[in-house]
Structures are given as structure tokens and as C-alpha cells.
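The same chain A turns up in both complexes below, where it pairs with chain B and then with chain C.
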Partner chain A sequence: MRLTQGQFSFLPDLTDEQIREQAQYAIDKGWAVSVEYTDDPHPRNTYWEMWGHPMFDNPDAAAVVFEVNECRKEHGSKYIRVIAFDSSHGWESIRMSFIVNRPSDEPGFRVVRQEGEGRIIRYTVESYAVREPEGRRYA
Partner chain B sequence: MSDDIPPRPAEVDLAAAYEESGVRGILQELEDTMIGLGPVKQRIRETAALLLVDQARRQLGLATETPTLHMSFTGNPGTGKTTVALKMASLLHRLGYVRKGHLVTVTRDDLVGQYIGHTAPKTKEILKKAMGGVLFIDEAYYLYRPENERDYGQEAIEILLQVMENNRDDLVVILAGYGDRMDRFFESNPGFRSRIAHHIEFPDYSDEELLRIAEAMLHGQNYRFDPEARKAMADYIRARRTQPHFANARSIRNALDRARLRQANRLFSEAQGPLGADALSTICEQDLRASRVFRGGLDTGRVVQSTAAE
Partner chain C sequence: MLDKVQTVTDAKKRYSAGVMKYAQMGYWEPDYTPRDTDVIALFRITPQDGVDAVEAAAAVAGESSTATWTVVWTDRLTACEKYRAKAYRVDPVPNSPGEFFAYIAYDLDLFEPGSIANLTASIIGNVFGFKPLKALRLEDMRLPTAYVKTFQGPATGIVVERERLNCYGRPLLGATVKPKLGLSGRNYGRVVYEALKGGLDFTKDDENINSQPFMHWRDRFLYCMEAVTRASAATGEVKGTYLNITAGTMEEMYARAEFAKSLGSIVVMIDLVIGYTAIQSMAKWARDNDMILHLHRAGHSTYTRQRSHGVSFRVIAKWMRLAGVDHLHAGTVVGKLEGDPATTKGYYDIFREEFNPQALENGIFFDQDWASLNKMMPVASGGIHAGQMHQLLTYLGEDVVLQFGGGTIGHPHGIAAGATANRVALEAMVYARNAGRDIWNEGPDILRAAAETCTPLKQALETWKDVTFDYASTDSPDFALTPDVSM
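Presenting the complex of A and B:
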């Protein structure tokens, strides 16, 4: 099951050139672009591992593509995303986020039902991937 | 990605491309603002022509690879290497060979770390910052210290070479330094020599050119020489050249800074009543003649190391 979160996730995977253009858009807006990776694809998993520092003072997006490729060498079998943080007053949050790398095999999610008091059922989703310990989730 | 590639033009108008790219403006600016440096200007014009032709060839589908644009600037201190590098960056930007056209100036300290494992991230950080622009490495030979085989400079050199080769589209590296030491640096690092296509030699300025530079500098700050002071400046340049730590235009700039200081002092102690704009902006002979250079140079009195860095 293809993971769809962030921008462009219903589109075919972005090429490096497209990643560069998107990142350049963010840089031109004055946002700090950074690269993050994770092997826990749950939608509520907000804080991914940082790959290096946010790139505050790189005027050109070639540096972002460079870092994405460096990260792919190390974590090529995990999810990698590029995010852009807007520090301006009133926003102070992520303005862009898109996945640039995904595992070759994405097992998807299952629904977990928990019986509560009375006849209440609580639903939650769990990725099949996280049943393996960290670091062994994707081949 | 797009399937509809526009048909290739059958011919290219070089003159129109020249006008369109705005290269003329940069070359003209170079001609106007830089005094002397004949051979350097000539080389830059040639490089610009080469790049324009290459661009045209690419439009016709004749050339595919990005030409190697890495350069080395050699010359004595104060001969305008950094200034020309700045112009080069905007020239390459106008021609579309770098995307942003900014200049990142670094020395050994910015690239080489202090302990094991510190160098690679530091060098990569700088390289990332320079992507889309020009990386100017001043006194590049300090990167290589043959007397210490465990020097981290070697690591920085390896990363540099790798990026210079693999990310040729992303950044242009300019190495700068004194001629003889750069030659030795290239001898011991043949990888650099082969990756650098353009070697540009910066000649020293003549006395006449330095005087014109002095006047241009003063003009930029709304000062001027009176006729005697101009003569004194010519004498100063002749005397200064023979003394140690002579750094061409930079020595002139420092001399003018000190002359302005003395002028301010003179006005302050001598002025009776109000001063006009004329008095405030004229450098007189005595402001220059008071210089230590006329009394045998730095050896008399306190020895001050004039900085020959950059």
C-alpha cells in the first residue's frame, strides 16, 4: 500500500530535478529546508529523524538534492522526506513536506479494534512494518 | 519529463545572444571599474566568448557536456583576485552556467576541521553553501601541508575534487594564491591541475596604475588630492614598492586610510572657524608626506606587520 502523506504523494515519485525545483521554491520563499527519514510510517509520527541540520543559508537547492542523495545512500530502504519550515511570525511551522524516497515494499496498515467499557469499540491503525523492531522493518 | 521538445533552431545569432545575456554590461563594468589588468581582462573576454559559443553549440545540439569552468587565479596580494572573482560569478550567472551567481569566499580554516571526523562535514557544509554559485578558495595551497602527513587538509582536498568532478553543473571552484606556491601546490596535487581548465595570471600594477587606483578610491569616498598631494602620492608609491609587505592596491588603500586620518587630525588642530566642503574633502601634501614610508619604511620606529593576507 503506497503511503500517501504530505504533498505530491498521489503523484508518481518526484525526480531529482523536480525535487530541486520544489526545494528552490521553498528557499526562494525564505523557508529553511531540511531532510528527514524514518522507518515508522504512521501518519501521527510527526517527528522524523533529522538528516543533518536544516539548511538555513544555502541559496541554491542543489544542496538539498545532494543531501537527499547522501541520505539515500545511508537510509535508502526507509522513508525520506523534505520539509520546509517557515519561521516568520504567525506561521512558525512547516509549510511544505513531501516524501522523496520510500521502501521498495510497503506492507500498509491494519485496523486494531479495542473493546472498551460497555459496548464501545476503539479503532486505531498500525503499520505492519512496525511489528519488527526498529532498523529491521524494511529489507 | 516533457515529451514535446522544441525543435532545434537551424542557426544561432551570436550577436543577439551576446546582447541578450547582458554579458556586455559585465565586461564593460570590468573595463570601467578595474584599472590595468590587461591580460586578465583579455582572458575573461576570451572565456566569455567561449561560453557564448558553447551555449550556441548546445542550442544546435552540437555540445552536450558542461565545459569545465573551474579556474585558478594566481598573482601577488592586492592585485584584484577577489574582485575579479566576484565579477566572474556574475558573468557565469548571466551566461547561465551557475544558477545563483553568489560568491562564497573561504580559506583553509573554513574547510579543514580541528579533529578527526570534523573536516568532511565542514567541507561539505561550505560546498553546499556555494552550490549554484562560485566557491573562491583563497590561498588554496595551505590546504596541502606536505610536512604533516596526517594533516586533515588532504581530506578536504579529496572531497573538493570529488564534488568538482561530480557536481560540475552545480558549482564553480576558483583557487587563488601566489603564483609560485600555487605551482608547487598543483605539482603535488595533479588531480587539481587536470580539473582546472583556466589558469589566469594577475600581473602587478605599475606605478601609474596604482596612482589612478588611488584617485579612483578617493573619488569613491568623495575625497580628492590637491596637485602637490598627487605628486606626493606618486613618490609614495615608488618608495612603498621597494619596502617589505607591499600588497599592491591594498597597500594603497591602507595608505589612503591613514592619510584621511592625518587630514582629519590636521583640520581639527588647525581649523579656525567654519570649514567648507572643499577643505573637508581635500587631501594635502603634508597628509601624505608625514608617512613613515618616506622615512625609510617600516624598519624605523615600531615594526608593524602589514597584513599580506587575502
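Presenting the complex of A and C:
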């Protein structure tokens, strides 16, 4: 499967130049860009690991691409995303999020059904990868 | 006009039995400066021939507040001057002989806190059938902060909805299941599964899907949630389907809402026809149960569409933001349903902004502060397709649900292919916009380029290449964008 979270997962994988272009758009809007990685891509896993702090005062998206590549060196077999945070009143949340790195093999998720009375089913979506402990999930 | 009409101030004359002009009873006060806490309503009035515009405006003020057709002595048992609504300004409507804009101010004490039913019972309760008027339309309202703060507002709001969906920086994508009536639960869930797996965020019940012989509601909910969960697992994304819980009684709606919740649905849906109090009740339930609340504006065109009579949709939008729904249909500009671009922008601003400055060119007559009430997500639905993506993104922006029903399900290679075509077109357009491309002019090129690596998009563009809905609007703003409009 292909994990399609984020803004651009239906497009071909972004090149470094394309990552720079999108990050610069966020910076020019006044948003703080940061890099995060995970080996637990469950759709409700909100807290990916932070690769450093959000780059609050960084004017140049080349620095974002640099950090993405630094992160890839250490976590290249995991999911890495770039997010942009808008601190302005009334939003104070994320404005952009796109995946910039993914494992070569994405096993995906299974649906666990707990069957109850009256045809009720309680569903759980579980990543095949998380059966392994953290850090050992992707090759 | 009766500019010189004076309120009768001599109490003995004012309250002697009989009939008196509304303007003389104290419902016309041209010198009145509205207070910050007043509710202000702007009506478009079309008086009967021979009826003076000021008297008509005063009559609207009277009949929507304290007056009846004759003088009553019991006024004197109250602080009646405070409770009288005051027409304070009457302007001719530009280029519309016989029509006038009447500004009417209402004291805050006239309204029960947190009740759309009470607000509307006054403002649109009696006056619309008033004989001295040929027609009457409520164009806009200014809701004071003190009153706004008595309402819950959208149960979830745009920001938290995005956080729950884990989806940022692009419009959301949806589709209404078609045919809207007749599918069995099992077949219905198939459409949901294919559309969500193909790339949509949401699917949607239509307004008239409730619980009918061909598909009872529990069956629909069960099959739909199987489809939603399977699609979520197939993509790693949070998915939802608007389960329409509209029913004949509140008890039944609560039962359906609880069942949807028990199955793990993130969103439920109601129709505008259930009424304002029912909407507020469901908004409260949605807030209490972490549920996104979608409102389908079923029935609104019966009173919003004609320019001379009824209630403008911008007013309905304001009421619904107070009432507390999260999603509301607001027009597409380019699709098959009514929607002039300038007027539609006004609606979208009411949904999404924290403060609306007066913008006559968009039909917004008053500054409106939303006092940190959550934002509503507008939904664009009806006759739109992937080939219009650049126009949709330009007109409607990013915080919107774009719903391609026919434009997904009607794809020549199936529902999932239709969904993928829409998602690729959307991501390509957002990408291009962020990269600095001029999407309004280069849109078709951007779509063609994206279609090079996406066959479903290529097929969609080919299928619907010539489909446009280009008709004159029945409801466009009265004021063009000129700096010298003296309002």
C-alpha cells in the first residue's frame, strides 16, 4: 500500500527542490516549518517524533531541506514529514503537512473486528509494522 | 417620504384608543444611533403602491417587536420605548424602483440568550405576511458580541476538524452517494468504500436518505462504517461518511446519533428542515460527543433565492454559525446551483472569518465580530468536476469541502478512479499554487500535466471537458465595487 496522509501523497514523490519550494511557501506565510519522523504511521498517531524544534526564525527553505536530509541519514527507512505551524490567533495549529520520505516497503494496516450483538462491530485499525517494537519496524 | 414624521410624545395623545401610523407610535427614529449591544436587521422592503417607505419600515419595526395594529394602553405598564424596535434609516435600493433598504435596531433585551428560535420568531415571525408590503426580504443582520457570546457556535470548527482528520493545507474532498434513493445498504456501502479508498476524505448521505423501505437506517450505518474503516486501513487516512440522522422526532435523531457514535463515525448529518431548535440540540450533542456536525441546507431555496422576498442565505449562514453546525453548503460559483461569485464570497467570509468588515460588493452590510466562535467549514456541492479545480481553488480557497458526486461516481472507469482523479487534480493544483504558478490562467495546463501520470484524471478531463453551468444569477449584490457608496 501507499500511505496517503499529507497534502501531496497522490503526486509522484517530491524532489528536494520541490520540498524547498513548498517549504518556502510556508515560510513566506510566516509559518514555522519543522521536520518529524515516525515508524508508527497510524492515521491517528498525532505525535510523530520531532527532528528538532520548529524552525521559527528561519527565512530560507534550504535549511529545511538540509534538515530533511539529516533526518533521512538517521531515519531513512521511516516516514518523514514536513509540517508548517501557524501561531496566529484563531488558528494556532498546522497549516501544511506533507510526506517527504517513506519506507521502501509499506505493509499497511489491518482491520480488527470485534463482533458484538445486533450486528454491531467495534473496529480497530492496526499497522502491521507496530507488531515489532519501536526502532525495529521497517528494514 | 415621511422624513418629517414625528413620534407623538404627548402621552395622552399617544395612548388614546384607535389606530395611529407606526411611524408616529415610535417605531421610526431617524436620529437614533444604534447601540453596540443592539441587534440590527436590514430589510429590503417593497411597499404596496401608495404606502410610504418610512411608514412601511416603521410597520416592520413595530410588527417584529412590540406593536399590534392598534394602540394599546398596556404599553404604559412597560418600559415600552426600550422594547420598541426602531427603524432609523431608509434608503432606496440602487437601480430597483419601489424597493427600499430599511435599517431596524432591536434592544438586546428583546431576545432570549442562545435561542435562534426566539431570535427568528421576532425578526421573521409575523412581518412577512404583512399586507401593506408587497414583498419583504431580510438581507443581513448585525449580531452584537454580547449576543454572539450566548451561543455555543460550531461544535468542532475548522481547525479542530482538520486536527481530527489529520488533514491540512488542501480542501477536503467528498462525494454524495448516488443514486440518492433506492440503493440497498449493501450496495450503498460499496459506493462509500470505493470513493474513500480512491482518495476522498468524506462521502455523504443525501438530504432525503433517512430510513426508507429500500434501506433502513441501521443497515446503512453498519455497511457505511464497514466501508469507512476498510478505506481508512487501505490508505492510512482518517475517513468519514456523513450519516444522515434526520428523523421525525428528536428522540429518534438522538438514537441514530448514538448508534453512529457507537460504530466509530466521526461525523453525522442533519437537514435544515428539522428546524432551528433541533439543529441547536444536535449541535450541543455533537459538542458533547466529539462529533463533526454536517448540515445540508435542504429547503433553503424556497426562501433564499428570490431577491425581493424571503431571507438571504447570508442571514441563514449567520444563524447557523451561532446555532453550532460544523459544515454547511454554501455554493460552488461554477457548479449547477445558484451562486454569483461576489455574493458567494460574502457567504464564505461569514463562515470562515473572525471578523467580517462591511463589504457591500459581497452583500455584507455590517461589520460583524464573531467573538472567537469556531469557524464553519463551507461545502461546495452540485455539478462540479475535476476540470474546474483551478477555478474552485481560486474562488473558494483551502478551507472548504469540495463535493464531487456525479464527478466521482460518474467516472467512466469507476468510482475509485473518479475519486483518484479528483484527489490528484486537487493536490496538483494546491502544489502549483504554493509553487507560485498562476493557477487561474495555467489551470488547464497544470491539470493536463498531472494527467500524464494519472490515467483516471486524463479520463475525467476528457469526459467532462465541456460541462459548464453558465446562467444569470437571481441573487447578485445591489452594490458594485465602487469606493463612493455612501453607507
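Here is the rule we go by: the second predicted complex is superposed on the first by the 135 of 139 C-alpha atoms of A that agree within 3 Å, B and C clash if a C-alpha of one lies under 4 Å from a C-alpha of the other, contacts with A are read in each partner's own complex, and residues count from 1 in each chain.
By our rule, a residue touches a chain if its C-beta (ideal position, glycine included) is under 8 Å from a C-beta of that chain, and two chains touch if they have at least 3 such contacts.
Treat the numbers as computed from the prediction; the structure is a model and nothing was measured.
In the superposition on chain A, contact of A:43 is made with chain C only, not with chain B. By the touch criterion stated above, A:15 is placed in contact with chain B alone, chain C being left untouched. Within the superposed three-chain model, A:125 lies in touch with chain C and out of touch with chain B [touch as defined at top]. Within the superposed three-chain model, A:74 lies out of touch with both chain B and chain C [touch as defined at top].
In the superposed model, A:62 makes contact with chain B only, not with chain C. When chain B and chain C are set side by side, the one touching more residues of chain A is C.
In the superposed pair of complexes, A:111 makes contact with chain C only, with no contact to chain B.
In the superposition on chain A, contact is made by A:1 with chain C only, not with chain B. Residues 18 of chain A lie at the contact with chain B in one complex and at the contact with chain C in the other. The part of chain A that touches chain C in the complex is made up of residues 1, 3-5, 7-12, 18, 21-22, 25, 41-44, 46, 83-84, 89-98, 108-111, 119-123, 125.
By the touch rule above, chain B contacts chain A in their complex via residues 1, 99-100, 102, 127-129, 131-133, 167, 169-171. Those residues of chain A that touch chain B in the complex are listed here as 15, 17-18, 55, 57-63, 66-67. By the touch criterion given at the top, residues 159, 162-163, 166-170, 199, 218, 222, 225-226, 229-230, 232-238, 262-264, 354, 372, 375, 420, 423-424, 427-428, 430-431, 434-436, 450, 453-454 of chain C touch chain A in their complex.
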